[in-house]
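Pasting the structures in now, so scroll down.
Next come two complexes, and both contain subunit A; in the first it sits with subunit B, in the second with subunit C.
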Partner chain A sequence: MKIIGLIITVTTGALLFYAAGDFPAWSDPASPASTYLSPHFIEKTMEETSVPNIVTAVLADYRGFDTMFETAVIFSAGVVCFFLLRISRREDEEPETRYYRHVLTGVTIQLKEGHEIPPSADFERIDSMWTPPDLIIKTGCRLLIPFVQLFALYVIAHGHHSPGGGFQGGVILGASVILFAISHDLRTAVRRMSEKLIGILCAAGVLIYAGTGALCLLLKLNFLDYSALAGVLHVDPITARSHGILIVEIGVGIAVLATMIWIYNNISSAGRYRQGL
Partner chain B sequence: MTDLISMVVAKYNYWIYITLMMIGLYAIIAKNNLVKKIVGMNIFQTAIILFYVSISVKKGATIPILEHGHGPDAHHVVHAVDYINPLPHVLMLTAIVVGVATLGVALALAIRVYNNYNTLEEDKILAQIREK
Partner chain C sequence: MDIMNIIVCVLLFSGLFFLTGGAVGILRFPDFYSRLHPAGKLDTLGSFLAMTAFALFNLHHFSLGALLTSLKILLIVVFIFLASPTATHGIVDAGVRAGLAPWTKGEKRR
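Moving on to the complex of A and B:
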């Protein structure tokens, strides 16, 4: 198998090396990729959409359909991870002996089958393999996470004028919540952001995107033609395109945020939602 | 000889991407461990991303964000040669995030396989399937 793999790899590589001889040279301004469509995008974006960041304008306006289905792909990836891994059988979720830890004193109590403790905020549910989170890491992450999230919001909101947008900001937001889950444990993170909320956010992001497109359709223009929103937003059609791009970027950000957390939660705990990493 | 060297230097982005792609392809085909195959798939994706980003570069051009888009200096003529090609950036922007999502699905499948067969080695899994 290794020999066959090596032969296939070397043959493919040799063919590509041979083909690379006909490719345009590195950083050639007259290369075919840069001559047909991209000059139109570069020269007309400002007057057609009023967005200085051409990447954002092409992503959410000129190629809006493409990005909508990319968001749908991400949504389905989150759903697939959920369906493949999540274990929701009762007996698996509720083991016979459960452990609770008193937050203030650090005392751990063990409960046999059938016993309950009165619901209170002083006790947190832990696993038998629970280890206390490191104080330095916990405090460091607690200081860091708000700034990470603030930066993520800036990246989403300022995506029209600087590198950024929904995908990048959503990934940073998701990373901040994953950082919280790593520095504490998965139970604490899920208590802050429940599975139900993640699922709803994931679908809501795609719904915001598709709903904006459908709204344009209802206002008697093409699907995802944001200039239809001019009457609703009380601006001229060009600025309406800019605002429409911001709305769908927020939708993308929410969907990406929720999917990243969903995938992490399911994979790190193999679908059991216990301790995690 | 100097022709060959100048050709290699003029197109070194393609050499790097083809080499990376060969590493990824070899890992996908020849590695026995499923997680190593997934890593190979990711290296392959990285090679394609590098290829796309490198074809968008133009000599002497800057990132595709228009200068003085709004404000008093607005409405000046924009020349396409001053900005690099935005289209590959758009395609790769989504490809990176979709790559992370497919990596998640692949790892989820690997976890399911491990739960069923207690191993991630492909030959052992195939042997177990044949026994049944």
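Moving on to the complex of A and C:
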């Protein structure tokens, strides 16, 4: 079996190398890609979409299908992580002893035989493997997180003019929430952003992208041809393409943000959602 | 050679001095905790001095745009000042909680 695998791998590799000989030379100006496609993008992007950053225009407009399914791949990565790792509550029954901490005094209480304290502001549920939160790290992260999130929004919104866009901005946004989960604990982070909300956001991001495309279809143009949105947004078709790119970038950002947090939550707590790192 | 250039040079070279010291310290100190000491302190101070030098040098031809760029550079300094010591503290804290004993005199380097 191993030998068959080896033969297949070597043959495929040899074929790929053989085919690579037919590629045009590096930066050959006469190659097909640089004769028709690249000059068109370089010369016409500004007048067709009014987006100064050609990469963004190619990614979200000219090659919108590709990016849409990339977003779908990220969505499915999150969903797969959830289905593989998440341990449902029925199998993972509540522990016999529970630990609570009185917030004001820091006194830890142990309750045996399944007793529990109803949720209140005075007592905080903690886990047996719990380590006390560190004031310096908590404060430092609390100071940094708003700026991280502000920068993430800037990266998403400024994708038209500078490097950036939905994927990068979404990752930074997700990282800020993960930083919160690391500096406090997973339970606090999940209380702020519940699993349900994460799942909904994850799907909503893809839905915004695909929905924008479908809306163009309903407005009698091709799928993901944003100039169809001109009537809805009350702008001319070229500006509508620019705005359409922003809309789908926001969708991508939401999907990536939710997926990052979802994967982190599931992996760091081994699917139990009890105590993170 | 005006006074501004001299200030920029002094700041830049003292920044480089501290950054070099940090690098030497990371290589030569004997254990995890003591290596984090130069990594956390000297790098922060070194980048603070170097960044201030950049911000001043950028103001050579004074304009509103240059001032804005300088303010952004100083903003980086602020974030390094917040993030770097916090991260160092977090790493040391993790080491203590994981049960790593600090190095004492006479022991072997590790």
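In the analysis below, the second predicted complex is superposed on the first by the 236 of 277 C-alpha atoms of A that agree within 3 Å, B and C clash if a C-alpha of one lies under 4 Å from a C-alpha of the other, contacts with A are read in each partner's own complex, and residues count from 1 in each chain.
In the analysis below, contacts are C-beta pairs under 8 Å (C-beta built on N, C-alpha and C of every residue); 3 or more make two chains touch, one makes a residue touch a chain.
Model, not experiment: these values are computed from the prediction.
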Superposed model, subunit A: greater residue contact from subunit B or subunit C: B
Touched partner set for A:D134, first subunit B, second subunit C, both or neither: second
First (subunit B), second (subunit C), both or neither touched by A:G106: neither
Contacts of A:P119 with subunit B and subunit C, given as first, second, both or neither: neither
Partner chain(s) touched by A:L144 [first = subunit B, second = subunit C, both, neither]: second
Touching partner for A:G165 - first (subunit B), second (subunit C), both, neither: first
Subunit B versus subunit C as contact partner of A:L59, first or second or both or neither: first
Shared subunit A contacts, counted only where both subunit B and subunit C touch the same residue: none
Subunit A residues touching subunit B - in the complex, by the definition given at the top: 1-2, 4-6, 8-10, 12-13, 16-17, 20-21, 23-29, 31, 33-34, 37-39, 41-43, 45-46, 50-55, 58-59, 63, 66-67, 70, 73-74, 77-78, 80-81, 84-85, 161-163, 165, 167-168, 170-171, 256, 259-260, 263, 266-267, 270-271
Of all residues in subunit B, those that touch subunit A in their complex: 7, 10-15, 18-19, 21-22, 25-26, 29-30, 54-61, 63-67, 69-70, 74, 78-81, 83-90, 93-94, 96-98, 100-102, 104-105, 107-109, 111-112, 115
Subunit C partner contacts - residues on subunit A that touch it in the complex: 131, 134, 136-137, 140-141, 143-144, 147
Footprint of subunit A on subunit C - complex, ascending: 79, 82-83, 85-86, 89-90, 93, 97
